[in-house]
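The same chain A turns up in both complexes below, where it pairs with chain B and then with chain C.
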Partner chain A sequence: MMKMKITLVLLAAGALCAVQQAQAHHAFAAEYDVAKPVTLSGTLTRMEWVNPHGWIYMDTKEPDGTVKHWTVETSGPSQMSRRGLKKTDFVDGMSLQVKGYQGIKDQSLANGRTLVLTDGRSFYIGSVGGPNDGADK
Partner chain B sequence: MPSIVPALEWLEGLAWTTAIRESAWGYPILETAHVAGIVAFAGLVIMMDLRLVGLAFTYAPMTHIQRRLFPWQMVGLAASTATGLLLCCIDPLRYYRNVFFWVKLVLFTLAGLNALAFHLKTYRMAERWDEDPHVAATARRAGAVSLVLWSATIISGRLIAYNWFG
Partner chain C sequence: MTEVAFPSYRPFMKYSRHRHAAAAVVLVAASLLSGCAAPAPEQAPAPAAPPFRPVASIREVMNSVIDPSVDEVWNAVKSVVDDGRLTEHTPVKDEDWAEVRRHALIVSEAANLLLMHDRPVAPPGAPSLAPGVELTPEEIRSLIDKNPDGWNFYVQEFQDSLKPALAAIDAKNAQALFDAGEKIDTTCENCHSTFWYPKAVASSR
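Up next, the complex of A and B:
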């Protein structure tokens, strides 16, 4: 009887963990398309170094010559600081490259995963819940 | 009616609100304190509500339980409200534009009014049924309503993080 109870509790706990796992990915999956990876090279128009998530605003040149304005979500100040990034690394007008995933509804929105600066330094700027693509390694 | 947005923009632009919004430690600490305050407050309110609806502590007089819980409920309320107001101050436009924030405020107000009505009216007549495992119907109802409204307040508060309709 006791054993059965313990088994049931463990099963319930396992089910809860599974639900938790699914939900942890929900915020990413609800807004961004993991099937649409993008690599954006362009110029920084503005960076919002804010909690709970930061935002990179950048312009890229489309193949037809027009300029596209992107909004890229990043992780928060504490996560980016831990990876060695500083607010002062972002200067309006500088060149940068961002790898990430495009938004589902908003085609000019992206979830940033990797940031590459012109001096060659590269940083993980993704947040928890993104795909397991190795960007954080 | 003049818009409140310019005032919120002014608040957002202040040096101290900007410093917390951009901080590596200040914001996580503030958020954690907010949640800790909610846990203390709601946890103790739920204990009281469970006694009211007759699901727990029915062996003890209702007022004995409430007398011990009340001071700590108020500590939790003070902590969560103070940190909540601070969180609003450091990012006012984000909350102004978030539908779950307004849903939460409405639910918070309703839950507060329910608690106030209980303490000012029903609780004052507690001697009559204090030791009964099953308290008066109005008190049972107040407990049930409290459980639902505070839970809904917390859930909508959590949902502020997801900009589904923004």
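Up next, the complex of A and C:
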């Protein structure tokens, strides 16, 4: 019985990931709200360095002390590589800051524009079609 | 033995050639004249309509055939940071490579489905998936009809973008397959930003 519950949880988690990645080809403005910029400071729980878009999973602490799980879409890994970011820059549990825009339907989804690492390095991680906010300069 | 001379031989041949040439001219002229006089041949029948019978709309082909399979191509090679380590995911066994090749072929051939002009953009009455940002099916159809060459170009560009992926798969070169992924995405975006959400692209510039 316990084994079945674990399997169901894993299936549900897998389905969630699949849904998020399947949404990747809509227009930026169809998924993300440019009127809702967010700055997320927290801890990396998972990172997927994958085409066509990378995914950062991070936890932030809410004002009431609860932990919120965020899924952040990034640009493609080759684009991030060309800007100097490497997959080995990501370490499970590391602190990081992401600036971006919140999802329209999914409030725990964001489109990352800028990633700041604890060593002070900053990278543009925005997807094609995002707002002209100067983050790529 | 008396030697017989044939003095008339050469003139005869010359005369014969002239006669044949004249006959040929007469025949050609006659056939041309008879051709002019004959009723115009019936026009060749119009080519039969292609035997294609679209069942799904473009939107359904994208969601049911192309998207799931191209995700398999993209996800075949990836790196994941989780549980305190970086894990590389690549096809390993022959069966793994065969599976990702199967999906790359599905996508490549499904591109041809998008070139069938009579295929509707979406099921009847289907709305825009993001009103105000993404066009309605009717607006998309209008854009395709105004620019069929552009539509064909972008679809074939997308189809061509799978070739490096297929070559990488055949060479069992995971890094090349990973690198091919960006071009596939670019060709998706080129078409989408032209025919699906051109307004959204214009507003982001």
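Note that the second predicted complex is superposed on the first by the 111 of 137 C-alpha atoms of A that agree within 3 Å, B and C clash if a C-alpha of one lies under 4 Å from a C-alpha of the other, contacts with A are read in each partner's own complex, and residues count from 1 in each chain.
Here is the rule we go by: a contact is a pair of C-beta atoms (placed from the backbone, for glycine too) under 8 Å apart; a residue touches a chain by one contact, two chains touch by 3 or more.
All figures in this text were calculated on a predicted structure; none of them were measured in a lab.
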* Asked: Aligned on chain A, chain B and chain C: do they clash or fit?
  -> clash
* Comparison of chain B and chain C by chain A residues contacted -> C
* Asked: Once the shared chain is lined up, is A:F28 touching chain B (first), chain C (second), both, or neither of them?
  -> second
* To do: Kindly classify A:N51 by the partners it touches after superposition: chain B alone (first), chain C alone (second), both, or neither?
  => both
* Asked: Does chain B (first) or chain C (second) touch A:T88, or do both, or does neither?
  -> second
* Asked: Just chain B (first), just chain C (second), both, or neither: which does A:F123 touch?
  -> neither
* Please work out whether A:P131 is in contact with chain B alone, chain C alone, both, or neither, and reply first, second, both or neither. => second
* **Which of chain B and chain C A:S78 touches, first, second, both or neither** => both
* **Touching partner for A:W70 - first (chain B), second (chain C), both, neither** => neither
* To do: Name the residues of chain A shared by its contacts with chain B and its contacts with chain C.
  => 27, 30, 49-52, 76-78, 87
* Structure fact -> Interface with chain C, chain A side, in the complex: residues 18, 21-22, 25-30, 44-52, 76-79, 87-88, 90-93, 128-132
* **Interface residues, chain A side, partner chain B - complex** => 27, 30, 49-52, 76-78, 81, 87
* To do: Going by the contact rule at the top, pick out the chain B residues touching chain A in the complex.
  => 20-25, 27-28, 31, 91, 161-162, 164
* Using the touch rule from the top, collect the residues of chain C that touch chain A in their complex. => 67, 71, 74-75, 77-86, 129-130, 133-134, 178-179, 181-182, 184-185, 188-189, 192-193, 196-197, 200-201, 203-205
